[in-house]
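Read the structure below first, then the notes.
For reference, chains read A, B, C and D in written order, and residue numbers begin at 1 within each chain.
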Amino acid sequence: MNIAFIGLGHMGGPMARNLIKAGHKLDVFDLVSRNVEALTAAGATPATSVQHAVARAELVVTMLPSSPHVRSVYLGADGVLAGVAAGVPLVDSSTIDPHTAREVAAAAGKHGNAMADAPVSGGTGGAEAGSLTFMVGAELALFETIRPILAQMGKNIVHCGAAGTGQVAKICNNMLLGISMIGVAEAMNLGVALGIDPKVLAGVINTSSGRCWSSDTYNPYPGVMDNVPAARGYTGGFAGELMLKDLGLATEAAKQAKQSVAMGALAQQLYQLWGAQAGGAQDFSAIINLIKHRAATGVQS
Amino acid sequence: MNIAFIGLGHMGGPMARNLIKAGHKLDVFDLVSRNVEALTAAGATPATSVQHAVARAELVVTMLPSSPHVRSVYLGADGVLAGVAAGVPLVDSSTIDPHTAREVAAAAGKHGNAMADAPVSGGTGGAEAGSLTFMVGAELALFETIRPILAQMGKNIVHCGAAGTGQVAKICNNMLLGISMIGVAEAMNLGVALGIDPKVLAGVINTSSGRCWSSDTYNPYPGVMDNVPAARGYTGGFAGELMLKDLGLATEAAKQAKQSVAMGALAQQLYQLWGAQAGGAQDFSAIINLIKHRAATGVQS
Amino acid sequence: MNIAFIGLGHMGGPMARNLIKAGHKLDVFDLVSRNVEALTAAGATPATSVQHAVARAELVVTMLPSSPHVRSVYLGADGVLAGVAAGVPLVDSSTIDPHTAREVAAAAGKHGNAMADAPVSGGTGGAEAGSLTFMVGAELALFETIRPILAQMGKNIVHCGAAGTGQVAKICNNMLLGISMIGVAEAMNLGVALGIDPKVLAGVINTSSGRCWSSDTYNPYPGVMDNVPAARGYTGGFAGELMLKDLGLATEAAKQAKQSVAMGALAQQLYQLWGAQAGGAQDFSAIINLIKHRAATGVQS
Amino acid sequence: MNIAFIGLGHMGGPMARNLIKAGHKLDVFDLVSRNVEALTAAGATPATSVQHAVARAELVVTMLPSSPHVRSVYLGADGVLAGVAAGVPLVDSSTIDPHTAREVAAAAGKHGNAMADAPVSGGTGGAEAGSLTFMVGAELALFETIRPILAQMGKNIVHCGAAGTGQVAKICNNMLLGISMIGVAEAMNLGVALGIDPKVLAGVINTSSGRCWSSDTYNPYPGVMDNVPAARGYTGGFAGELMLKDLGLATEAAKQAKQSVAMGALAQQLYQLWGAQAGGAQDFSAIINLIKHRAATGVQS
């Protein structure tokens, strides 16, 4: 199949590569020419513009950093809708706000193109391994059409409902993730300050009602687990600034929906505080260091 | 074995019954005479005072509502230490602050009695079924001594470390539970307000990084799970006012340990707000109704 | 002077009227024809479009509900910049985000029009009485040019710095206002719950370090002051939904500036919660009812 | 008059000195012998115990660090009530929780001694200058009796109501102070990050609805005011750890009163975070440095 792939960064690059490996012909575009060259070396055909990239596409996939990029790549004078044939399905895998996702999908629909929002989880590791989870917002027919292609880049392809619901699922999950990560950080720090061994505490939590992914799979307290960012100085993983971005999307969507999210908003502000103090490049579990008492020396109560 | 059991309420009553069933002779005391009569009917010997109850005890178990009660039952003029023989092990299963637990254990130690804090999780259902989890703070020798008896009232008997660490484990776990329950409530409400089906959203979360006990085992959104309080009008379960009590213990302990717990403190205030509006008798997952938009009618973004 | 006035709602209507009273000739436009008719009856000339309204203007004043409106009224195909003569000064009195204010001012500058952001405080009462405060972001020369005109609609005309700083001053002040109003509400409710007379407590605060406008000029506790919304069932005043809008602008601007505003964000979420429960039409001091214990009957400690 | 004065620290020392200057005979006690010696040098008679100090007193004044100290100094075996004559009025100027204040006052009442809680504001400067504010919880007759004596140590002597209400007024005021100080810190930091001059912003706020003591009298942003801690590296003033203590008293009292104080609780946790990072010795307005973007270089939006 001829696939246009736009946005070839840390996530988009390996995703496009997996499509090439699966036998598709790719027309690719990115503002960073080095990214285009890398994909060209892997067998893709470079395009000089978005419009050019989508000209002969039977499917368009985009992976972009934020809502304004998506709006401009799809709706701009030189954008996807200006160049793509009617009837070609469109898949945006960016993580953006549901409102923009729905607006762009509606514009695409008017142009004769069914469009899906399909944000992913799994990080760059999952992108390379082809083991991403796709959360797909699309009409059922479109979902069935694109599912086999997405399955060449990911493992779990979940249908979340109509356009926009992929984004909704992503930001709701990640807001909860941000909240529970800080919750685990507070609980672990508190326990240790009160004199319990962190491994013992994690053991109790992981078999009890406090159990969560941030505790049993990605524990932020150093020494509790191997093979997590906390075991390697918070390198790798999911950068704090990306968590901050997702929390910003969640609270903005909540504002528009008139839904109070006090814990989500506080999580956002604490990640902002941590980012201002330490930069946002470390893994998001490093937030535990924001709230660790710097002179802590064990039991104080 | 002769066991003194003091505190025969919703939790203590069924726990004491399970000890009788296991073949022990119980001397029981409670300020509420009806509670004493119920246990007497089940085979226990009623005592007229704490001192009287512990006079011939080979083991003392207490289950009391709060720190001042524990202090007074153990240290009062007519209390446990005034009546119990030296060498008899003491087990307090109340949920109280770790500081008090350690002070009372230290006083008991001076009197020649090793003392364990052994708060439980599992609720009245677990107390009746004998399936409680005990989080035990005690020297190892004492832990080994009391473990077989605790196993007659519970399933998981976890050694958390020295005196006080049982309480530490309990309040850290429950603080995290309170945080993640509100987090799930916000995520579910936000998702539905943004147009996703709640069962679909819960499905995504439960297989992704937002996964937690409050979502996959005790989801607060009506219609997502059967056999949870949300499926029966938030009756049964773990009362909101008990969650509020535990959050109060956690933030108080954090204050003494000079450990910041912003999310825990906000969870406490939201439970207080909910309690003020709706009373605290409903299950703690009913907090979802505090933040649900009362005029919500679906997609608003 | 020929003045084009666009946006004739609760604020813009009386502001435009004051310009007519001061002797100016007004060309007016609003999407709501009733608003245009009301101003026409007061002596203004109705226009059929924005472009038409600004055609002969020597000064343009706009008063619009939100950023997208400002963007479209100024930059749209039929907008201000499409119709106004080069050199004519532009004044936007809407409360919007500083980022948009600066973008629109930059576009106006390229077109040859100096533009000021000049949001107001003082409410509809101040608009009618001509006693508004204008917070003006503009180059000094422009500020000096427009100051006499603004003084016909307001009392305090404050120069805040270059373009955008009028909006910055407005949202920073109103974020602090939202925070301190909830702070006063908590302090008053807590004091009364602990047994102090609310008038006595307000008296102590107002002569001590807790003193603030929300306490000494606009106290939210009923019975403490006359002539405030709390004395008349929270009618009149500054609607809760407008406070919520301003808090939304502040946290959005903070997100873009990477500045943590935990208290501001929590204030926003509490206003959102209150809005969801009670609607947002009441005066913003009615937030005190969100947190009042509904069964409170005096001293409980 | 013979006055027993117990607690001769940074506050109690200068207060006692002012009573000596006013002509009273003082019997003084403190656990720190150096404090006793300093007062002895100033003309007081040293006592060897609390009981001894109050033996011939016609009035007792205490100034102690926290609730447990007050409880023990008044109710202990060797305490005030064990040594004082019936009918002698008692004045506690410590800042403690209202619940303890009421319990101790009730115990004193049973012993035949009317007791007032009379916490102060004004700091060590006010203690030395005799310009403190006293917030007095006492029956009216007792208030009239002690007012002239308090006026020898302070300027404003405010009757807040019955026993306990002095403490209520103090902690409600100081909770609001903590909230508004962080609010000002957020507003000032946000404004500067968005490009407004801090002096201009403070000027707008101080003449508008964000006006508060933390902004117009004690502004935390360096360079805005002279003669405030921000102008001298946050030395002097009211230590952050004392603000943290008062916020802890406020949230604890709120817990007992079942009153939600979300902003107060968040303020406490932010002060705790700041204390953990920077120690608590700096003036409480230094909290502005917790939330200042450390790489901030002006306009970022």
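Definition applied: contacts are C-beta pairs under 8 Å (C-beta built on N, C-alpha and C of every residue); 3 or more make two chains touch, one makes a residue touch a chain.
Just so it is clear, the structure is predicted and the values come from calculations on it, not from any experiment.
Using the contact threshold fixed earlier, the set of chains in contact with both chain A and chain D is B, C.
Here chain B and chain C face each other with the same set of residues for the most part; over half of the interface numbers are shared between them. Using mean Cα coordinates as chain centres, the one most removed from chain C is B.
Chain centres here are Cα means. That of chain A falls 38 Å from that of chain B. Between the Cα centres of chain B and chain C there is a gap of 50 Å. Shared interface positions of chain D, defined as residues touching 2 or more other chains, are 254, 258-262, 266, 270, 273, 276, 291, 293, 296. Those residues of chain B whose C-beta lies close enough to touch chain D in the complex are 248, 251-252, 254-255, 258-262, 265-266, 268-270, 272-273, 275-276. Looking at the complex, you find that chain B touches chain C at residues 262, 266, 273, 276-277, 290-296.
Of all residues in chain C, those touching chain D in their complex are 98-99, 102, 121, 133, 135, 156, 158-162, 164-165, 168-169, 172-177, 179-180, 182-184, 186-191, 193-197, 200-201, 203-205, 207-215, 217-218, 250, 253-254, 256-264, 266-267, 270, 291, 293, 296, 299-301.
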